[in-house]
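Each of the two complexes below includes chain A, the first together with chain B, the second together with chain C.
For the complex of A and B:
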């Protein structure tokens, strides 16, 4: 089953090798912008990893919670921005999404992917993790991944924002944003995002944040132009 | 949408819905266990008599007793089940659900339902499956094969002990299996309710049965919804059996495993490194 799946992944990778999903000079239009907040976001709290000495030594300065990462100019990181409506039979995303467990953290905190897009989950730590996606629409599962175990290769069938936890290290939280569109991005540390390769048309662009909720904008793309879309989410301290 | 097309679309949508309603077969209304066929219609009154108090009218685990129950009653709408013969992330078989109703869960408020007839219990399984649409869109997983149990040896138990260390079972279940590992105290289930790891001192029975085969299945399939993950990708069948034999030594029982283990420990105990952050092995 795994062998068959890998073969399929290899085939898909070969087939798509000549047409990368997000080329450097994409044909069509681009929607780019920034996500910021108003209000009071929760403070990032330092994480006590003393239960796992390996992870304490991996972080000379303690890491902080990532459920609300804000930056200069009220920017918000880890916001998933995607085309919620208006896609016109876009080619599916086929490159493999890599997800890491390292230093008792999920890297990246939020990973966006399309339904059926290959997802590979690695344990880079010298100890065990259990990876437990709390799926509701998709099927929930929970697998142990000890030190040195091979990566878990999987994919999701239905669009869903899936919270992720490691029961052994309860501070570990992450999200898989599984989307029906191949046009998605996760904001960087400056809150910026860019969706490229969009054929002309009218689009609904949605921004989703795990604590600050969702917001949508309508954007019309006429040709190979870049249109702005800036989101202002309402932050709540709790 | 322009208004003048709205009505047309609405009408055609109604037509489609009507057609679908007629064409779609009835939802999973049946359960099959052995030669018996259970019917949801027959299971419904039984559910409302015996199950509704905890599992609720909507099958969501929010019955009127739920507030006083820990761990919480199963939510059938999800549908995620702990005790299965099938791999993690798949639906259980009808027989798995039947066994669960029959056996109850020794670690929870769910009693055994042997007082109900077998037919009653199969009917209940059929009814439970009407609470989630996934029973129509997905099939139960292929049951895990439990290979024949090998001969019990002290080498096997020692290897099982190494695995208990290496798979980090001790992080939740504790170095001696007392359910007091470093991660034990803040475990939560898939609804963020606190949950305890199994304490091997608690007796002869496990959550999902009492035989060595049941124990093998528990860590291979994982208990979905709980923090207990599946080790099926990590343990070969022989490893699994060695782990079973070691786990049996953690129970306060005169099991065959405990007997030969105690005898060995009496003479070689000093060779063992304690289980824990730097321990394990000999």
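For the complex of A and C:
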């Protein structure tokens, strides 16, 4: 009897998984907040792109490193905030994640996606790039994309934070945050994030930053409310 | 047909010799203190080899013209070299071998005077790190001391191309790391070449300098630039897929401009 009931629940869950998501106004609660730091963050270092004149002309003001981007009020950009525990089998993310190689930079520096979510990688520059995701859990690969080459269409099978590098331009670095949940966000320039469409329940919300580490908070959602979750990461200058 | 071949051989020999003699394709102007020695050696090599090349090709053309056999002519008796083929080959090997040995002996003296001498004591020390597919340069910073390199700490993502440990090594904190080699004019420069991954090469035609990087070796290289300007440094060892793209620029500045640049870099590092 219990087995039959479980199968029914699974069937309902599966059916609900096929219904289209509403990206803008999903039902349920929301967890939103801001990520800030204490301590001294590393200085942003200017990047010398002179070996690639195309990229120099695309940046009238020199580009700086993006591994620790901070802003007013000690805000931290490019922090991945996601539901680490308590996920209740929401519909998978199916929209395609776009990732660009432009002006010898990865845009955005950090892209979050769910496992199996379609990922399309473009080379917008008038010269070659060679994107190399340094995957350890997933299969590692690297692909060359000459000028005008078609985009790379792919997806990741396992959750993992994958560092990216360009095999031609050593300064190019980024991250793919591949998550098992469809509830994720990457903080903007003000350090803000918002996770919406959460059914009532108890959640573990985790913030991950490539240099400042991870931090988790417990948040309980009772209905269609918005609950705050603010993270304070510890920054070190080196 | 034989006479046409003789004419073609002669024309090819004279045109190609003229291209080199008139410096149609030649090195860019020399901007280094030692470059005139390299240029003189290169000239001597080209003149010696050129004379032999032109003489051999003209002789070939002359003989083909003189001893051409056309349709309807009776066959001629072939005169052989006195003693047969063996003394001919031995003589040719000796003649060419002596020429090569003389050029090597004279050339190695010039090479050693550039590459095997120590840098002057007042030379500005700069570390160079070559990796697939870029060059990076490190200056000691205001304290005049280079931080120790830790290969395990090398991280392109944080621009730590030299594997410095500023958290624990105070001498590393003010080290200046840049992607363009900026140097003062008329001051000896003392480089230390490091390779992170595979063999690379440091080649600046204007400086008349070409030196390989070898992983695991720290290779000294010194020179003095005598003209301000911007020059290209290219890798001339096939080092992988992006080898074609491995280059950096050298900016030779006046001492005042260089001091100002160094000060600005120290402020941001």
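In this section, the second predicted complex is superposed on the first by the 216 of 238 C-alpha atoms of A that agree within 3 Å, B and C clash if a C-alpha of one lies under 4 Å from a C-alpha of the other, contacts with A are read in each partner's own complex, and residues count from 1 in each chain.
In this section, a contact is a pair of C-beta atoms (placed from the backbone, for glycine too) under 8 Å apart; a residue touches a chain by one contact, two chains touch by 3 or more.
What you see is a predicted model, and the numbers here were worked out from it, not measured in a lab.
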Superpose on chain A as described above, then tell me if chain B and chain C fit or clash. clash
So in the superposed three-chain picture, is A:152 touching just chain B, just chain C, both, or none of them (first/second/both/neither)? first
Which superposed partner A:238 touches (first chain B, second chain C, both, neither): second
Chain B versus chain C as contact partner of A:51, first or second or both or neither: both
A:167 contacts which: chain B (first), chain C (second), both, neither? both
Once the shared chain is lined up, is A:128 touching chain B (first), chain C (second), both, or neither of them? both
Output check: A:144 vs chain B and chain C. Expected answer is one of first, second, both, neither. What do you get? both
Which partner does A:136 reach: the first (chain B), the second (chain C), both, or neither? first
Would you indicate which of the stretches 55-63, 181-189, 235-243 or 253-261 belonging to chain B has clashing C-alpha atoms with chain C? 181-189
Mind sorting out which residues of chain A both chain B and chain C touch, each in its own complex? 51, 127-128, 130, 144, 165, 167-170
Chain A residues within the chain B interface of the complex: 51, 53, 127-128, 130-132, 134, 136, 139-147, 149-150, 152, 165, 167-170
Of all residues in chain C, those that touch chain A in their complex: 131-134, 156-159, 161, 165-167, 178-180, 240-242, 245-249, 268-269
Using the touch definition up top, name the residues of chain A that touch chain C in the complex. 42-43, 45-52, 65, 67, 127-128, 130, 144, 163, 165, 167-171, 173, 210-211, 236-238
Where on chain B does chain A make contact in their complex? 78, 80, 88-90, 134, 138, 166-168, 171-172, 182-183, 186-188, 190, 222, 224-231, 233-234, 277
